[in-house]
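Single-structure report; data block below.
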Amino acid sequence: MRAPLLAVHNLTKTYRSGGREVKGLDNVSMSVAAGETIGLVGPSGSGKSTLARVVMRLIEPDSGTIAFGDENLGALSGKALRSMRKRIQMVFQDPSAAFNPRATVADVLADPLRIHGLASRAERPRRIAELLDSVGLPANLAARPVHAVSGGQRQRVAIARALATEPELIVLDEAVSALDVTVRGQILDLLVALQRERGLAYLFVSHDLAVVRAVSHRIAIMDRGRIVEAGPAATVVADPQSETGRALVAAIPRLHIPRLHTLQPHTSQPHGEASQNA
Amino acid sequence: QSGSRLVVAADSEPRNLNPAIVASNGVFFISSKVIEPLAEASFDGGGDGEGGLAPRLATSWEGSDDGLSATFKLREGVKWHDGQPFTSADVAFSALQVWKPLQNLGRLVFANLEAVDTPDDHTAVFRFAKPTPFQLIRNALPVVSSVVAKHIFEGEADIAASEANNKLVGTGPFRFAEHRPGEYYRLERNPDYWGEGEPKLDEIIFRVLPDRAAAAGALEAGEIQLAAFSQVPLTDLDRISKVPGIEVYSKGYEALTYQLGVEINHRRAELANVRVRQAIAHAIDRDFVVRTIFLGYAETATGIVPKNAPEFYNGDVPLHPFDVDKANALLDEAGYPRKDGGARFALRLLPAPYFTETRQFGDYLRQALAAVGIDATVVNNDAAAHQKAVYTDHDFDLAVAPTVFRGDPAISTTILVRSGTPAGVPFSNQGGYENKEIDALIDKAGETVDTAARTALYKQLQVLVAEDLPIINVADWGFITVASSQVKNVSNNPRWAVSSWADTELDA
Amino acid sequence: MMSDVLASLRGLTVTYGSGESAHVALHGLDLDILKGERLAVIGESGSGKSTLALALGGLLPPEARIAGHIGWPGFAAQPRAGRDIGFVFQDAGASLNPVIPVGRQIAEVARLHLGLTRHAARERARALLERVRIPDPDRALGAYPHQLSGGQRQRVAIAAAIAGEPSLLIADEATSALDTIVQAEIVALLDELVRAEGMTLIFITHDIALASGFADRIAVLHDARLVEAGPAPTLLGAPKEAYTAKLLASHIGLDTPPLITEKQP
Amino acid sequence: MSAIKRLLRSPAGVAGLVLLALLVLAALSAPLLFPGDPLAIAGPPLTPPFTDPAFPLGTDRLGRNVLAGLFHGAQASLAVGLAAAAVSIIFGALVGTIAGFAGGLVDEALMRVVDAFQTVPGFLLALAFVSVSGASLPVVILAVALGAWTGPARLARAEVLSIRERDYVAAARVIGMHPAEIALREVLPNALPPVLALAAVIVGNAVLIESALSFLGLGDPNIVTWGSMIAEGRNVLRSAPFLSIVPGVGLVVTVLGVYLLAEGLSDALASRKARP
Amino acid sequence: MNRALRLLRRRLISSIPVLLIVIVGAFFLLELAPGDAADAYLLSIGGGDPALVQALRQSYGLEGSTLSRLWLYLTSLARFDLGWSVTFNRPIAGLIAERLPNTLWLMVGAVGLSFTAGSLLGIVAGSKPGSWRDRLLSTGSLALYAVPSFWLGLVLIVLFSVQLRWFPTSGIETIASGKQGLARARDIAWHLALPVAALGLIYLALFLRMMRAGMAEAWRQDYALAARARGIGPARIAVFHIARNALLPLVTMLGLHAASMLGGSVVIESVFAIPGFGRLAQEAVAGRDAPLLTGIILVSAVLVILVNLAVDMAYAFLDPRVGANEVVA
């Protein structure tokens, strides 16, 4: 295996509120290789978003290290950190909350180009059109306010924004969870295609193990701030080792397509019955 | 009759209620019922056979020809409210320990008082180091001679700060009963009062009503029976005089004349020019002021002595009647032509804040000056800031002042035009006016013992002032008393509101 | 009797607003709801699922105009929300009053519809909390919603919905705010309750797999219209409409082939 | 739908706009209809209204034209209101924004100052300030602002704190935007509108406070304001009630106008937030 | 109630710097004003001579620098001594103790009136937003709010005291009546009726409109829909489910407006001649009595802080979510 692109070690983050302490991250170590997708799953509150945001340096961990390529990402600050951000981007869950309510699509895409000096003012319209094209959106969308496009399109704009700096890693925090299933499929296809073309690595955060399984090379399962299990996607799903892993697998609703063996009303147990003792 | 209680509106609560220390109308209004002066102003004869004074604690008074002494015969059988007898020792103590060193006006009147001899319990002889005109002493008596009890204040380290100043013990027809701050003062009948059959009331309550409109309402609602010192706004008088059971009195303030004057800062080049001052005098329509601002309850002024002081008044002075053209011509002459905008120069006008009328006159004066091309800005200050700006920092151009004529020009009138008063003294010549002739005249009058000669000097002073206008007098006004018709013997002396009210009655 | 019709909708049209801003949320819906069945209503966001639920309960907001007909052959009179129809909403946190202890919120329904005394209603609330498997129901009676976890809140909401012993239970995305593990628990609970009490269930969801798990019949909504409705096996096994097929194809399950080549590049 | 459209759709907002438009019209036309000093003595004092065509609303104590005062008073009242609102919003928003962004000790210190101003009765403060600084229009405006800036400060801080946590700010950090640019382009433009909506409330209060100060004799004597007209008219409340009723109606209309507008505005802003 | 105690402690600690700022600010406000206590006094007695001015300054302790006076004041405060008022020639603590109750009664009455009437009418108006009843109530109360309080007070006096003679025109109680106990309380209540109405009616609009908005907002919440879905009638929802939630912002506002109401009483006290805090403050300013004004402002700040504390407690009582993180069950 090649040297990992992203490697985090012993990350710990404790939230304090009203005298209570919550372990957001509890001694978490993991890595992502270039061109690889790591799926991060776990029940609500298990610390997935915390990890994603710590990696992005949006939240400061209490302790632990974050290395990106040769750089000590966890120790950077100021200008160095800002220029480093070119290489690692993020897509958020709620496509309506992730954009300045006053911005147009063009504004959104121009910002990273301008900040990192990736395109002169004159080149920008063309680059923006290219970016829109790469996520399957028409160029004429650029002039629209972000809030005047549909949810699925908005998430594509978010991906285009992440692609603008030509990063090596994109962190996707529940990036498809808010979308309708038909749209979700398209976005996942897009992500996979982009990875194939550009050798992108993804840290793919979701609570839906089935979706994670569909796009990830490796899967890490989190619970209560810890990574309780990690391994190749197929293995983890087929034979989960941890309690949480087993519960997650059991809880996934299975699409039950009967072979028309009976037209009697269905009276069997729901297919997620195993969950009750989780 | 018993159970008669008179409720009176009061608009302020003096912090020091002792009239021997603070000779001001706000203090007298309440304390004069408790503490008596040697003599009180009167519409008719006095103890010395001359008009204008009525005996109170003194029964007669006489000045020596050389002006070095004055002898007072004191009333016998008078007792303090605590039962101690009133004697000449009390008068001597009051004069030497209180009036001369502490009292705001007594410091001037008794400046040369050296000793008070008490040959017996009922005679006090004032001895002066320099000749002091008896005319002045006599005229000042109602204001400066409130007698306090020696046995109360004797031995006090600091009489001015004594607790006794607010728990008055006097000889007057009423005893001080209680003060509920912010609510009322209560005075009760003195059964041992020397006046026969007096007082007629059992109780007087001064109810604190700071808002004038509220006083009118309370009077109409029958909650109070009397409002003096124009506590009912002049503008409301016309209406309230028609309310049955309510009487309006404009008498009773003859010896309390307030003078509406324009103080001038002579340090301003423009105002140092007598033509400009004359122009300002001509710009003011005194009749309008009397008619509209005072609704007729005032008289146009001719100078620094009001008509209400006939002993000194001199109406034969240069008048500056209302004449806008004349005013404009004078200003042109003085070298201040109208500039493009129509204004000649700009002034800051500071009306004294304590009376509605002074403020209203400020508003009027601004308009009157605008008519002759002087652009005045009214500056609204509260009392402390006004005192500081006008009388300490001299940071003004024109000021509107309600000065008071206190019976004799030497008490508080000449100070308005005499040069040399140090900064910080209110109602004095803080405009920096200096006129050798006037100064000499004032000094001479101060030493002239002979009444006729002294009076003549003051009459001449009025002419000089009217010519040179160090200050512009606009109107002289008294106040209005509004009372329920049940109240009898109202306004029966020239200082009625601040007199003892021993004979005031309340009909059932 | 399975085939007894509980409710019959004919030409049901619901429009929000009026004039140029009018928006048709349901358009000419014809649907029968059968007594005792478990009907799943599926559709994407904005397809009109919630509108349908609210229309059935007579809970549409004032700005909604309703046309067409809803008949209730299964009821003697017009069914009343709470008494005849129970509702469970998506966000249990928001559908419980934050300042009233949950026990009182459940008991209130029981008192109102079953005419119980204060004491009896409280007892019933306790029993219901136990029924929805809240641990330590005595303590939970006095708890406020914010003191409960998301799954527990949804259980309380279910308890309140069935406190009036309704014969129809409508669950509008009752599990979509929960994570998969809790979702499975709640679905199991609903399934069990409905069967035990003999209630009719309308289960609204956007997740076709979830619906396939336990629905007798499925109705598919798309763009305010009913695409198709039918017994679950038929509809899932042989969808008549392309849209239904597309929904099925879009589903990602554990057995869906991965989108990526699983080896590391 | 834009906020303005939504505003035009709310009855309160429209009523407020109409009232305020009338007021602005009166203020603007004052110098044209009544040139010269409205404080000038124009006729006989205390002319009752509707008796002299030259003075349709009569004259006051000194014979000044009440109608002229009403129009010029609109100007002064609006000026006081708008200036006070501008000062308090600008200053408050500045302090609030600094506190919100700086956090830590700076935030703590600034918020304690805000607390201090909020625990002192605003009118008392205004009263003391005007007495001490002399009654003039700028002082009155500052006095009002002294009591009013804490509202915008608190709101601005709260908005900044909440917006700072939004995903789009995180997104801006992720693309490497400079913190200063984030503050100016991402946070402020979105934090300020609700703060600006406070302006209406402040305008209404300012007009009322000015009138109360005038009542206590602390108005600017060189300018007609409705407050000073009422304060003067109250002395003749019984004999010439119109002198306080006329400007009183002006005051009520103004305050009503700004409040209705504020209500419409906050509705318009709220429904924008509620949009999915 | 341990979360209440925690809240209390935090509040108390954070109020210390607040009070310090208030003290220093108030002190400087008057110290930097033109004119001092001697100037104010001199004018009130109608004049004097320069030596008297000097003597006055000395006896008022106005000689040292402002800072040294502030230090003196702070050290005396540290001994819980509010100092000496030169305007009244009395200890400030006694003065304040004498005036405070009057203002408190006025405030309590006005707040009680505006809060109860405001929230009740707000429920009436908010239960049917947009109805004529709602329009009448909310616009009518707003018009009241727009009337300057002093003017409203004067009109009330003319109507109810002078014309109808139902209530006294002014004062806090019948002067020198000698009434005690209950009779006195009744007398005070009778005197306060009009001022309380004048002040309360003004603030009524604030509470009414807030309640109405809160009701409308609460109706939009899911729990209102859920309550309807459980078959609960609209009246019961309004009163039992929504009103309490809608009351929460009102309680907060009570705290926020405590200070402004205290300020509003200045004018009302002046109109109705009530010897209260507001008038005392006016006199302190007029007399350039820095220690007195500072004392007044300090006490009102403490009062406001106490009100806010009470409001916080009430809020914590009304809203179980406040300050709580413990999870039951």
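We call the chains A, B, C, D and E, going by the order they appear; numbering starts again at 1 in every chain.
In this text, a contact is a pair of C-beta atoms (placed from the backbone, for glycine too) under 8 Å apart; a residue touches a chain by one contact, two chains touch by 3 or more.
Chain identities (UniProt): A, C = Peptide/nickel transport system ATP-binding protein; D, E = Peptide/nickel transport system permease protein.
Just so you know, these numbers come straight off a predicted model, no measurement behind them.
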If you tally C-beta contacts across D-E and across B-D, the winner is D-E
Farthest CA centroid from chain C: chain B
Chain-centre distance (mean CA atoms) for chain B and chain E, in whole Å, is 40
Separation of the C-alpha centres, chain B versus chain C, in whole Å, is 90
Distance in whole angstrom between the CA centres of chain A and chain D is 48
Between chain A and chain E, the Cα-mean centres are separated in Å by 54
Going by residue number, chain E touches two or more other chains at 33-34, 154, 158, 270, 285-286, 324, 326
Within chain C, the set of residues that touch 2 or more other chains is none
Going by residue number, chain B touches two or more other chains at 213, 381-382, 385
Chain D partner, complex, touching residues on chain E are 14-15, 17-19, 21-22, 25-26, 29-30, 32-34, 139, 142-143, 145-151, 154-155, 158, 209, 256, 259-264, 266-267, 270, 278, 281-282, 285-286, 293, 296-297, 300-301, 304-305, 308
In the complex, the residues of chain A that touch chain D are 53, 56, 58, 82-86, 89-90, 92-94, 96-102, 111-112, 115-116, 158, 161, 164-165
Listed in rising order, chain A residues that touch chain C in their complex are 1, 33, 35-37, 43-44, 151, 180-182, 184-185, 188-189, 192, 195, 199, 207-211, 213-217, 232-234, 237, 247-263, 265-276, 278
The residues of chain C that touch chain A in their complex are 2, 37-38, 44-45, 150, 178-185, 187-188, 191, 195, 206-210, 212-217, 231-234, 236-238, 246-260, 262-265
As the complex stands, chain D meets chain B at residues 37, 39-41, 45-46, 61-63, 131-132, 134-136, 217-222, 234-240
